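What follows is a set of structures to go through.
Two complexes, one shared chain (chain A), two partners (chain B, chain C).
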Partner chain A sequence: MKTMRAVWAIFLKDVRSEVRTRYAVNALLMFVITTLAVIMFSLAGEVISSSAQAGILWVVMFFAAMSGLSRSFVSEEERGTTFTLQLCAGPLGVYFGKLLFNVVLVILLNIVIVVLYLLTMDQFVINQPGLFWLVIFLGSLGLAASTTIIAAIIAKASSKGTLFPVLSFPILLPLLMAGIDATKLAVEDNVWDAAWPNLQILGAYIVVVVTASYMLFDYVWKD
Partner chain B sequence: MKSTSSWWKYLLLVWIAFWSAVGIVLPIAGNLADLAYLKQVNAPGEIQVKINIDHSQPAEFDREEGMFVFQGTDGGGRTATFYVPSKPEGFDQAQSLLVEARYDEERHGVRICQVVDVDPGLTLPYIPGLEERARIIFFHVPMAWMTVIAFLVSMWYGIAYLRKHDLEDDMKSANAAGLGLLFCLLATVTGSIWAKFNWGSFWNWDPRETSIFVLLLIYGAFFALRSAIEVEEKRARLSAVYTILAFVTVPFFIFIMPRILPGLHPGSADDTSGGPVMSAGGLNAVMRVILYSLLAGFIVLFAWLMNVRNRVSRLLVRTDFEA
Partner chain C sequence: MTDAIKHVELSATELSKQFNRRKIFRDLTFTVENGEVFGITGKNGSGKSTLLRILAGVLTPNSGSVAFHVDGAVIDHEKIIDIMGYAAPYLMLYEEFTALENIRFFSEVRGLPFDADKARGLLERVGLSPERRDVVHNYSSGMKQRLKLIFAILHHPPFLFLDEPTTNLDKDGIEVVYSLIEEQRKHGCVLVATNDASDIARCDRLLDVTTGAVSEGGR
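Here is the complex of A and B:
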C-alpha cells in the first residue's frame, strides 16, 4: 500500500514538473512535426506500399521515444535530485512511478503521432482500427517498459544522449519487428488471426522486460 | 614462476585441426534416392554416389549395350543396375565404389561416368542445394553457438558480480563478452560467405541473420556503455544489469522469431524439413560427429582464451595498482 502511494506520488510529481516546464509538449511535439515534415518532403507525390508506411510510422515513434523518454531519469541526475528521491521513496516506488509516467507520456505521444500521420498521409488508411490501436497501445507499453530501465542505466553514464538509442535499439528490436509487422497487417485489412503471433510476441516482450526491470532496478538505482 | 602443464593445449590444437581436416577432406557422396530426386526435379546432372557392389549377382560385360553391367546397393538398401563403359580397376576385390553417376533414362539404371575411388570409407552426405558448400556448416554453426555461449557466460559473471560485488567477476564478464564479439564476427562472416554462394547475396535479412546482427549490436552497446562510465563499481553494476536485460530479450531473436517467421535458414516457418538442422536429426551421423567434436573443441578453446585474458587483466590491474 505504501509502495502504491509512492508510485502515485512520483507519477504526480513528474506530471507537475512536466506541466511547469512543458518539455514534452514543446520539444517532443516540435520533434514529431519536424520529423513528419522531413518525411513529407522526401515522399512528396510518391505512392508507397503499406509495409513502408507502417515502417515509417514506427521510425517516427521509435525516435520520438528515443528523444523524450530518457528525460525521466536524466533530469533527476541533472537537477541533482536523485539522492532526495532515494530518501523519499523505495526503489520499487521510483521505478513504477517513472514507468507509469513514461507509459502515459508515450501513449499520448503516439496518439499525436498517429493522428498527425493520418492527417498528412492521404494514402495511409487503417482497415482494422481495433487491431491497429491495440498494436499501438501494446507497442507504447513495450517502448515505455524497456526505455525506463535503460534511461535509469544511462543516467549514471557520460554521453547520455548518444548512448540511449545505442543501448535501446537491440533491446527494442523484437518489439519493433513484431509491431511493424502487426501494423502492416492492420493497415492491409487482414483478419486478427494473422496478427496473433505478433500480438503474442508483444505481450510476452512486455511481461519479460517489466519483470527483468523490476528485479534489476535496485542495482541500477542505489549508488 | 609456476610451470603449467601444456599437453592439453597441444591436444586441443591437434583435435581442432584434425576434425577441421576431416570435415574438409571427406568426399561428398549421395545415394540412389538423391539421383532419383535429381531426376524428379529435372536436373539430371552427375553427382558423386557411393555404392556397395553386390558380388552375388552376375557382373559381366554386356556386348549389346557395350557396357559393363553389375548390380549394387546404396547405404539405404536401395538396389539398382549400374552401367559403366569398362570394368573398373580392382572391381573383383572391392566392396564399394565412389563414382560420378547420373540416372540413365533409356536403361532405367545408373550410368557411371567415372570411378573416383575404390572402397572410399567414410563419406559426407549429398545435400541437394548445398553439395560441397555444406562443409562450412562445421565452422559456421559452432561459431554461432559459441556466440550465444559466450554471452551466457558473460551474463553468468554479471549475475555473480551483482550478488558478491567482486570486481573479478566483472572482469570475467567483460572478457567473455570480448570473446563473444570475436565469435559473433566469425559467425557473421562465415554465414555471409555461405549466403553469397548459396542464396546469391551476402546479406538477406533472414530472421536468423537479423538475430546475429542484434547480437553484434548488443556486444557493441555493451562496450559503448562500459567506456562511458568512469567509476569501476558503477561500470560493473550497470554493465551487468544491461547484459541480463539484453539476455532476456535475445531469446526472442534466437529461439522464437527464426521459427515463426518465414526465412531461408532451416527451421523457419515455411521450411518443410522441420526444425533447425541440429535438433531435427536432419544431419547424418558422420556430419554430426564432426560438428559436435568441433563444437567441443571450440568450447575448450574459449575456456583457454578466457583463462589467458583473465590472467592478462589481473596483471594489468596489479601494474596499475603498483604504479
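Here is the complex of A and C:
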C-alpha cells in the first residue's frame, strides 16, 4: 500500500513537472513533426508496400521514444534530485512511478504519431483497427518498460545521449520485429490468427522486461 | 513515527571507504544512542559527507557494517528511509515546485497523508511562511537550506543526519537549526557533520573521521 502511494506520488510529480517544464514533450513533438514531414516529402507520389509502411511507422515510434523517454531518470540526475529521491522513496516506488509515467507518455505519443501518420500518408489504411491498436498498445508498453530501466542505467553516464539508443536497440529488437510484423498484418486485413504469435511475443516481452527490471532496479538505483 | 519509540541506537562497525585507489577513511567504529548529538569532524575531503551517505544507506562501504536499532529491533535496510531524516547543502529540491508542493510530494512519497496545517506550521517555524507559494527556483540558498530542514524532519524520524546544517543560513536560520537539534535530542539522536565551532559546541561526542578517534564534544 505504501509502495503504491509512492508510485502514484512519483507519477503525479513527474506529470506536474512535465506540465511546468515541458522537458520531454516539446522535444518529442518537434521530433515527430519533423520526421513525418521528411517522410512525407521524400515519399511524395511513391507507392510503398504495407511492410515498408509498417516499418516506417515503427522507426518513427522507436526514435521518438529514444529522444524523450530517457528524461525520466536523466532529468533527476541533471537536477541533482536523485539523492533526494533515494532518501525518501524505496526503489520499487521509484521504478514503477517512472514506468507509469513513461507508459502514459509513450501511449499518448504513439497515438499522436499514428494520427499524424494517417493524415500524412494517404496509402496507409488500417484494415484491422482492433488488432492495430492492440499492437500499438502492447508495443508502447514494451517500449516504456525497456526504456525505463535503460534510462536508469545510463542516467549516471557521461555520454547519455549516445548510450541510450545504442543500449536500447538490441534490447528492443524482438519487440520491434514482432511489432512491425503485427502492424503489417493489421494493415493488410489479415485475420487475428495470423497475428497471434506476434501478440504473444509482445506480451511475453513486456512480462520478461518488467520482471527483470523489478529484480535489477535496486542495484541500478543505489551507488 | 517517534511517538512510541523509547530507545534508538545506530552502530557502525569498522567502516572503510575508498574511491578507486584513494582511501577516504578506514575502520571507523562508533555507536550513537538516543538523546545524543554526535559530531562528525575532519578536514575538507576527509569523508564526512561520504560517511553520512553510507550511514543513510545510499552509498555502500568497501567493508564494515551499519546497524539501526529501534527499541531493540534491528531495522531492515529498505526501511531506513522511514526512520532517518537528512539535510545537506548538496541535497536538491524540486525547483519548479513551490515550497508547499515540495512538502506535499515528500509527504505523499513517504506514504504519509499531506496535512496542510502541519506543512504551514513547519514553514512558519523555519521562517518560510510568506514565501510558501513561490517556486523554489526563486529562493535564495539560505531559504532552500531552510526548506531542506523541513524535508529532514517532516516524518519525525528518530535519526536525524545533518551535513553542514548552518551553511548559507543567517543568524535566525542558525537558531532554527539549533532549536531543531535540541528538540530532536528529546526523541532520538542527531549526527552532525561539521567543522563549525558553534555546531561542535552543541555536540556530546565527536568523531574525527581522519583518525577514527571519538572524543568528548563541546557540550
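Everything below uses one rule, namely that the second predicted complex is superposed on the first by the 221 of 223 C-alpha atoms of A that agree within 3 Å, B and C clash if a C-alpha of one lies under 4 Å from a C-alpha of the other, contacts with A are read in each partner's own complex, and residues count from 1 in each chain.
Everything below uses one rule, namely that a residue touches a chain if its C-beta (ideal position, glycine included) is under 8 Å from a C-beta of that chain, and two chains touch if they have at least 3 such contacts.
Owing to the predicted nature of the structure, the values given are computational and were not obtained by experimental measurement.
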Using the superposition on chain A, decide if chain B and chain C clash or fit. fit
Now for A:Met177: first (chain B), second (chain C), both, or neither, which partner does it touch? first
Put chain A at the vertex: what angle do the Cα centres of chain B and chain C make there, to the nearest 10 degrees? 110
Looking at A:Gly90, would you say it contacts chain B, chain C, both, or neither? Reply first, second, both or neither. second
Given the touch rule stated above, what does A:Val208 touch, chain B (first), chain C (second), both, or neither? first
Where does A:Gly80 make contact in the superposed view: on chain B (first), on chain C (second), on both, or on neither? second
Once the shared chain is lined up, is A:Ala9 touching chain B (first), chain C (second), both, or neither of them? second
Applying the document's definition of touch, where does A:Thr21 land relative to chain B and chain C: first, second, both, or neither? second
Could you grab the smallest C-alpha gap between chain B and chain C in the overlay, to the nearest Å? 7
Taking the two structures together, which residues of chain A meet both chain B and chain C? 223
Can you list the residues on chain A that touch chain B in the complex? 146, 149-150, 153-154, 156-159, 163, 166-167, 169-171, 173-174, 177, 197, 201, 204-205, 208-209, 212-213, 216, 219-220, 223
Listed in rising order, the residues of chain C that touch chain A in the complex are 56-60, 78, 81, 84, 86, 90-97, 101, 105-106, 108-111, 151
Which bits of chain A are touching chain C when the two form their complex? 1-2, 5-6, 8-10, 12-13, 16-17, 20-21, 79-81, 83-91, 93, 222-223
For the complex, give me every residue of chain B touching chain A. 162, 210, 214, 217-218, 220-221, 224-225, 228-230, 234, 237-238, 240-242, 244-246, 248-249, 252-253, 256-257, 260
